[in-house]
Structures are given as C-alpha cells and as structure tokens.
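Shared between the two complexes below is subunit A, which pairs with subunit B and subunit C, respectively.
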Partner chain A sequence: MIDDKTLQSVLALCKFSLSDREKEHFKQQIGDILSYVETLNQVDTRSIDPDLGKSLESMSLRQDKAAVGLPTEQVAGLSAHFQDSFFTVPRIIEEMDEITEES
Partner chain B sequence: MRDLTLCGLKQALENRTYTSAEIVGAYREAYSQDRSHAKPLNAYIEFFADSLDHAREADALREQGKGGLLNGLPLAVKDNIMIRGKEATCASRILKGFTAPYSATVIERLQAQGALFLGRTNMDEFAMGSSCEYSCYGPARNPVNRDYAPGGSSGGSACAVAARLAPCALGSDTGGSVRLPASFCGIYGLKPSYGTLSRYGLIAYGSSLDQIGILARSPEDIALVLQAAAGVDPKDGTSAETAFPDLYPLAPLEFKGRKIALVKEFTEKGVDSEVHEITKRFAGWLKKQGAEVVDISLPVLHYAVPCYYIIAPAEASSNLARFDGVQYGYRDEAAHSLEEMYVSTRTKGFGTEVKRRVFIGNYVLSSGYYDAYYKKAQAVRSLLSRECQKLFTDIDFMLSPTAPVPPFPLGSKVDDPLAMYATDMCTTFANLTGLPALSLPAAMTKSGLPVGVQLTGAMFSERSILQAALSWRKSGESI
Partner chain C sequence: MKYDVIIGCEVHVQLLTRSKAFCSCPNNFGGAPNSRVCPRCLGLPGSLPVPNRDMISSAIKAGLALHCKIAELTKFDRKNYMYPDLPKAYQISQFDMPVCAGGYLEVTADGQSRKIGIIRVHMEEDAGKNIHAQGGLNMSYVDYNRAGTPLLEIVSEPDIRSAEEAVNYVQSLREIMRFLDVSDCNMEEGSLRCDANINLWIYEDEKRFATPIVEVKNMNSFKAMKSALEYEAERQLDEWREKHLTLQAVGKTTRGWNDDRGETVLQRMKEEAADYRYFPEPDIKPISISQNLIKQIKQSIPELPEQKRGRFVQDYGIAQEAAEALTQSKALCDYFEEAARGYQEPKRIANWILSEVKKLLNEKQMSIEQFPVPARQVTELLRIVDAGTISGKIAKDVFAEMAASRKSAAELVETKGLAQISDTGELEDVVEKIIRENPSTVADFKAGKQKALQHLMGQIMNATKGKANPQVTIRLIKAKISGN
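And now, the complex of A and B:
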C-alpha cells in the first residue's frame, strides 16, 4: 500500500486525477503491483551492465539527410483546435485587469 | 467462401472462382449478421464503408492482368495501426475523433501489393491488457464460447479471424498481445523479431517492446503477409535490414536434427494442468517428427513478467504523455486553464488500466525510485537477453504454452490486475529480448476451449518458425 503523499506526488506527474474512492483502490492495487515487481531484487545483477543499448548488436544510425515532413494541411486534420498553423489552447497569460486585481 | 484461408482466397481470386467484391461482400454480410446476435462478438470497432469500392478496383486491376502479391485480399487492422483518412483510437475515449494523417509503413506496403482493409478491430485500450476487456467500446467476445474473453490485447483481430469475419488481421504485440488472443481463439499468431516490421504509424505503447504482428488461420497466410510487409524502413530507426523476399509459398520443416527446448519455468509452477498436459503432448508430437526435445531450466525467465511490468509502464508513461487534449482527439472543452485542460482531458479520456500503468511508469521513473525499479529492471532485461542469446546457440526452438491458463470467462480477471498480468507469464520474455515467437493452435480443453503452444526462435528465424507451424497444420493430427 502506498501512502497519500506518494499518491499525490505521482498523480501530479501523471496529469490525471482520481476520485476519493478510486484513490483508496489505487493505493492498494499499486502497492500490490509494486510488491510483485520487487521480486526482481532476488536476481543478482551485479555483473550486468544495465545499459541495454550497449548489448544490442545492430543499432545503426540513419544518415543525416533532409527529408520532407507532413504537410501542414495534413496535420490540420488532427484536431478541431488547429488555426493558422497553430494548435490553440486555453489562455495561458492572464488578462491585465485580472493581474491588477490580484496584485 | 469464408472458410478459405488467405492463401485459399488468393488462389480463388487467381482462378476466377470468386471476385474480391464477392469476398468482401461475404465478410460484410457476416459482420452485419453478427451485430444482430444476442451476444455480438464486437470484433470490429468499424467496418469500412469503402472496402467494397477497393475490392472492385482490385477486380478491375485483375481483369487488366495487373495487381500485386495480395491483390484484392482483405485484412482487418487493429485500431492502433494508422490508415490515412481513417479514425485510429486505440479503443480509448481520448483518441475518439482522431483521424490518421498518414498510413503506417506496413499498411502502405500491403496496399502497394493490392491488399485492402475491412475495418478496425477492437482491442484493450492502448494495447494494455490480456483479455480485450479494457476497451472503451466494450469487450470483444471469444467466438468459441461467447461468454469467454478472446484474449488481448489484439482480441478483436483474433476474434475476427477465428469467427471468419476476416481471413487475416494485423495486431500489435508488446508483451504477448498477438500470441495470447491467437491462443485463446484457436488460430496462429506471430510476433516477429524486433525490427522485422516497421512500427512507423503504430501508435506507441512500449517502444522498445512493440512489434506489429499477424494473425491468421494458417502459417502460410502469415508468411504471405510478412513477405509483403517486412524490410527496413528509414522512418523507423529500429527496423532491421532483414527481409523475407521468398517466404511464400512456404515449405514444411524437416524436424530431424532440430533441437527443441522445453523450459521448466514455463511448464511447471503456475501453469494449469490441462495446458501443461497439452504442451507435453505437443512435445511428444515433435519427437515423433524426429526432433530432439530437451528439458532445460532458465531461472531468469521467472522474472520476465515483473521486469516487463516495470519497463512497459515506464515507456507507456512517456509515450502517452502526448495525449493531453492539445493535438490529438478528445479535449475537455469545459476546462478554463491549460493545466486544467491537461488534467481533465486525461482524467476523462483514459480508462482505469491505462491510468494504473501510467501511474506505475511515473512512479518507477521518478526521483528516488528510478534505481530501485527501472534500472534494476533494465539490468534483469540485459541478463535475460544474454541468457536467451546463449540458449539459442544450442537449440532451434523453445517450446512453451502460450498462456499458462485456458481462455477465462469475461469479467473474471478484469478487476484483478495481478491475475491479469500473470496471463503474460510465457510471452513477455520474447518482447524483452526481441525474439520472434508464434502461437499455434495445439488442442482443445475437455470443456472445448482452445489452447495454443508457443514456438520461439533465434532473432530473424521467422521462416523456420512458420515452417514448423506449417508442418503441424499439414499433419492434420490431433494430440
């Protein structure tokens, strides 16, 4: 079982929220899953280089050549919030009067 | 007609027994009929309205003496492989309404050979699941017994093929997602070697593990599709130079002189007795064909599943960070700020299992836990790769069950993540090591449910794995 503080800090990284009921369920289930994956500690890996990249034989780098990407009109179809080559999002900068009021 | 395999349909088209339009029409009719069943299979999320048009175009090409290796042959496609202009949702609310801006390389290659696509198949959300129940469209059902799960995550693909709603289907396999449903539905399913098929256009789950796979009712069908789709792709830096230009027609394998390892870790503890018995009987069949079957033990295989359930969620937490309401699919319009939009979009867009895995991924990658979990898992993965590499210098194939249990009833594991993860006991190691593995339908349980066995080979040994499976199919024997 994980504690509330850990739950909150990881949820902040996940960028989603849980209801109180879901939180209780999650704390138990995630705790059980973590206990399960901790069985890996039984494996002696002292002689192992954990960098898998080094153990892969054939990682080839592609040539540094310019290529044509997706045309803008194709990308436009991705979202209903595409406007003048940009994806629009809710306002980030507050209105001047809101800032003045707060200050 | 729908009883024919993909290769059978190819012959029927070449002999002018059927037209492609007739074939597609038959599948469409079967799909419509199934929708009115009391318990519909729910194999397809969408049956493409234009599939018949493409079939007619293929027929016209054939009349002109043109067309590629797959001209007029229909396939079903998992909902996480992009076809330009079609929706691709990974069976997730968060991607509803997302239209693919380009096609996956595999799709383009199959289209270049004349293949056409019947529709998008159901799956566990973002390919996270072993039963095809974690789908925003509701679960797919097992055509052998509609109260049972078809396996996952490519459950819709397996279900469509087994139920004769498609002759062949594409799936994806990150920890067993092609092989498990193939086993549960009584068909063949191949996860190729890491790098054999380009992943460009496959919506990523665990990038160091993901492979597109092929499901069919015959190994020859898989060979035909693999031949058309394999080969290096500049758009996927992990794709390999290896191609299979002359895989089709496929010849059976001569087993004499072949050494096959039956692994203790996948045949004893945690394996259902009937599944264990069927695997042993299949080993007996291999011996009868002249193969040498040896019992071996590779203790590190015990740790493949816990290793996978650190690495896959870690990669998923990163890959799924892009789904935040900005560019793709669903956005919660009620949100007033950017942060609120991210959080409410993801809260409403993701299902429970996806949230669980994204949470685990963020946890194991976060400061303070990284070394204890992620780094340790990478070390175990390296050890597993090294041990398997060593093993395959001495043997031709590894034999194991595909799943430790026969198909299970719908709803029986859906709220128990650890029980669900245990279903992946025999499959995840192939993703962690990159090895090719195939599930083949071996036998039925006493209660009439399919059980598959898995053959794993050395890197890029797809040909001999498929040949071995063809020998089994052609033998027509039951064990």
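And now, the complex of A and C:
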C-alpha cells in the first residue's frame, strides 16, 4: 500500500486523475507491485561481475547513414489529430509561466 | 561594495551527424513538417533505439578537445517529462555516467587567458518543435523533424566572472566545435543554445554572502547573452542592497531574458516538473570505451584555434590580435596559410585578409567559404604591388574588382592599364609641366616646406590618374627643382 501523498505525486506526473474509489484500488495495486519488485533485493549480487558494458567496437551501434523515414500519408494515419503536415494538440499552456514580480 | 559575479554556462550544441541519435532519419535543418520521422523517433510502441556511432565519437572528440577525461563506461538514461514535443514522454539523455567529465577550456580576453572548468559533456536527443496557433485557435502544432536529433550538453564550472567572459567562453566553445566539425553552432538557427546560472558573492562585514542563483534562459544571440547577464548582475546587486536575500534562504529561480524590454523576467516552474525520475535506459546497453578507440579519435583531432594562434605568432610573426582574428574560423586560417605560403612578409597577407577581404565579406554578406577570390590571388596581387607595378591604393580597387569580376590580378592590371608609370621619360614630361605651372609651390619647396612636395605629388597623381610611381616621381621632382 502506498500513501496518498505518493499516489498524488505519481498522478500529477502522469497527468492522470482518478476517482476516490479508484485511488484506494491503485494504492493497493501499486504497493503490491513495488513489494513484489523489492524481493529482488534479497538476491546477494556481491560476487557477480556486472560486465555491463560491451566495447564500442563490438557493440551493435548504427553506422551514421541516413534513410528515408515514414511517408507523410502514413505519418498522418498515426493520429486522428493531424492537419497540414502537423500533429495537433490542445493549445499548450507553457510549463514556464511568466509571472509578475511582487514589488 | 566589493563583489564577484559568478557564472556557469550550460550549452547545448546540435551535432552534424547525417542521421538522428537513435534512428536513421536524416538530421537536417528545416524541411516540410514531419517529413523526417519514423516509428523510433515518434516513440511508437515496440520500436527500439540504436545509438549512432558518430554521435558517440563526436562526443569523445569534443571531450578530448576540452581536455576532459573520457569515461571507460558510459550509459544512457531516461529523463521523464510530459510535453507534446517529446513523443515518448521521456528524453534519452545521460545522468550519472556522462561520456566525458572534468575538463577545461582556455578563454582568451584582452590577451589574457583563463581556464574555465568543464564539469561534464553528455549526449542526449533533442525534442520536436511546438508552434502555437495564431488568431485565438485553441490548439498547438507539433513537428517532430527535430525529435531524436543528437545534442551535446556541455556544462561549465561556475568559473566565469563577467558577462563578457561568458560570451568569450561560448564563442571559444563554438570555435572549437566548428574546428572539430562536430557542430556548426549557429545561435540564430538554434544549433547552439546557452543557459547560464548567475549569482553574486558579496563581501560585507568581513564575510562572504551568496545571492540567490538565477538560471537565465532565452538568450538567443551573443549580444542578448551579454545584455542579459549584465542586467541580471545589476538586478541582483540592487536586490541585495534592498532585501539582503541569500542563496540559503531563496535557492534557485529561473528568469527569461526579454530582448524587447531589455530585462529578465521571473518564471515559475511547476514544482513537479523538476522531478525527472531518471533511470537507466533499458533498451541500450552501457557502452565501454576502449583506450584504443580514444587514441584513434585523438589522432583525428585537427589543430585547434588555441594552438593555431600560437603557431601563427611564432612562425609567421603576426601580432597576437591578428592571430586571434584569423582563428575565428578554420576556413579563414586555411585561406591565410595558403596565401602566405612562400610569401616573404606573411604579416602583410594577414593585414590584407583582415582589412580588404573582411571588408568585402561584410559588404557582400558572405562567408570566407563563398569568397570568389582564391587565396593565391591575394599573393599574386601583393607581389604585383611589391614589384612597383601598381600602388597599394590602386591594389585595393583592383581587389574589389577581382571579387566582382573573378578575373586575376595580372589580367585586370593589364587590361585596365593600371600599371604605374615608372618610365622616367614618360614621367619627366608630366613633372616638368607641373613644375612650370606651379612656380609658387616650387618656391615654397625651395624654402623647405614639405607640404609643397605633397601638393606637387597630388597634381602629378591627378595628371596620371594615380599611376605615377611615387618613388620615381619624388626623385624626379627633387632632381628637376634643384637642377633649375
């Protein structure tokens, strides 16, 4: 079970809103998922060589070659909100609002 | 009141790769909206990113030029935020294991050079572009052509001590990126973007106080940058005098530069927007960088402006200032060196380029790359002057004509009959005539007035349309008058 404050901040980040009943439901579910993932912490990994990286030469990187992407008709078909070659979204309210300074 | 201005810069440069950072779409400026997109850069489910090899080598190249340590192991991370220009709702960036860290950049101003520390250089993808509808329409338009194009973020230490130095720092950075061919760094087109953190250290009552740090955004030109940071330092000083607010009490705020109003304006960030929940990008394995690869990239780094300046002063004997002006661009350096090759006085070549070539470039609004006169033609023209065939003054006109007509110096001097008259016989007649017509000036000359000689010279130049060889003419005037 996660607390209300955590759920509230997760919802704000996801730009989701939930009803009060749904909130209780998801607090339980998210809590269950987190504690399930927590079980991984029980594994002792100290003796394991991380061997994270592969060398740049051997790794499957992409050669810097340009290729044509999707044709515009197909791009247009990806969204119901497409107009004059642009995707359209509800008018963006700037994340950074200019505010007047209190003097 | 004694105080220091403390500035750190965060610079983003767009890389000049052919394709985007994690997909093969072309990486170009402009173009029809959404014409360079694919499932990967549109963030469609199931598409996977594959890093561009040249993005990584460009980052290493830049890091080496900035004297950074290159990471043995580097990885990508997701920076999460929601915005329409970010189709995946996260940006692939680098968080705790950047590709390069701990370097410096030498910034020269007024012949003095200072090291500005570089905290880190990391790779990340750019976002798309939002265009806000005009005329009260309740929508915004999004173009994803820029989404997923590769950027380097270069973060400096707060080592910069004035607005002017900040501009010099970014200009030096631009110079290096251009020399490396890593980015074209065009501030107006947005291929170089700079934000700065600025505050003051105020020394009062034998204590040091730090004013609240302000991140200044929206500086879209070097001029704007200088004005914005100067304004902000003044504003913070006034605010300190009035309210004595400290960094501890207020923390950091963000202000945008308003160019029209000439002031910075406070901006409020939504609190939760700052929570980017970085986590390792699960679709790209961490990358280890071998010493061998670093060595290879090191060898591909050309001579940088700083080294070139030193060599120009040393080898060509030109002034530090001239060397600084020449090393503004690699093409200008190449032009100078080609023209100076085998010429006795490289200094004169440098002066010619910095005065005559620059003048024409300004007039025609073109870059040195587009300049129609080949470098060797500058050499030829100066040799014609050295031979006494034309005067330095006429050479300037010839040069402008060369740029306009694309004809060679020799050809123009020949067809236009510009060669100086050095033939004594031909000049003698003119000199005698002028002496005859100006008895009072001749008397003045005899009385020791130097101005009289200049006056006679002027008359002779008029009569010959500037073609009389000055040395020969002076000799003749003196001989004729004393012979009289």
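What we mean here is this: the second predicted complex is superposed on the first by the 79 of 103 C-alpha atoms of A that agree within 3 Å, B and C clash if a C-alpha of one lies under 4 Å from a C-alpha of the other, contacts with A are read in each partner's own complex, and residues count from 1 in each chain.
Everything below uses one rule, namely that a residue touches a chain if its C-beta (ideal position, glycine included) is under 8 Å from a C-beta of that chain, and two chains touch if they have at least 3 such contacts.
Note that this is a predicted model, so its numbers are computed, not measured.
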In the superposed arrangement, which partner chain does A:I48 touch: subunit B (first), subunit C (second), both, or neither? first
Have a look at where A:G69 lands relative to subunit B and subunit C in the superposition and call it first, second, both or neither. second
Using the touch definition from the top, say if A:F87 reaches subunit B (first), subunit C (second), both or neither. both
Applying the document's definition of touch, where does A:L78 land relative to subunit B and subunit C: first, second, both, or neither? both
If we overlay the two complexes on their shared chain A, which of subunit B and subunit C does A:S17 touch? Say first, second, both or neither. first
Using the touch definition from the top, say if A:L40 reaches subunit B (first), subunit C (second), both or neither. first
Under the stated touch criterion, which partner chain does A:D32 make contact with: subunit B (first), subunit C (second), both, or neither? first
Which residues form the common part of the subunit A surface touched by subunit B and by subunit C? 9, 13-15, 52, 55, 60-62, 67, 70, 75, 78, 87, 89-92
Across the complex, what residues on subunit B touch subunit A? 97-99, 101-102, 208, 234, 237, 240, 300, 303, 306-307, 309-310, 317, 321, 324, 326-329, 331, 335-338, 340-344, 346-347, 350, 352, 355-356, 358-360, 362-364, 366, 373, 375-383, 385-386, 417-418, 421
Where on subunit A is subunit C touching in the complex? 9, 12-15, 52-57, 59-70, 72, 75, 78, 83-92, 95-99, 101
Of all residues in subunit C, which touch subunit A in the complex? 17-19, 23-27, 32-39, 41-42, 44, 50-56, 73, 75, 80, 82-84, 130-133, 137-144, 217, 254, 256, 265-270, 272-273, 275, 277, 285-290, 292-293
Seen from subunit A, its contact residues with subunit B in the complex are 6, 9-11, 13-18, 22, 26, 29-30, 32-34, 36-43, 45, 48-52, 55, 58, 60-62, 67, 70, 74-75, 77-81, 87, 89-92
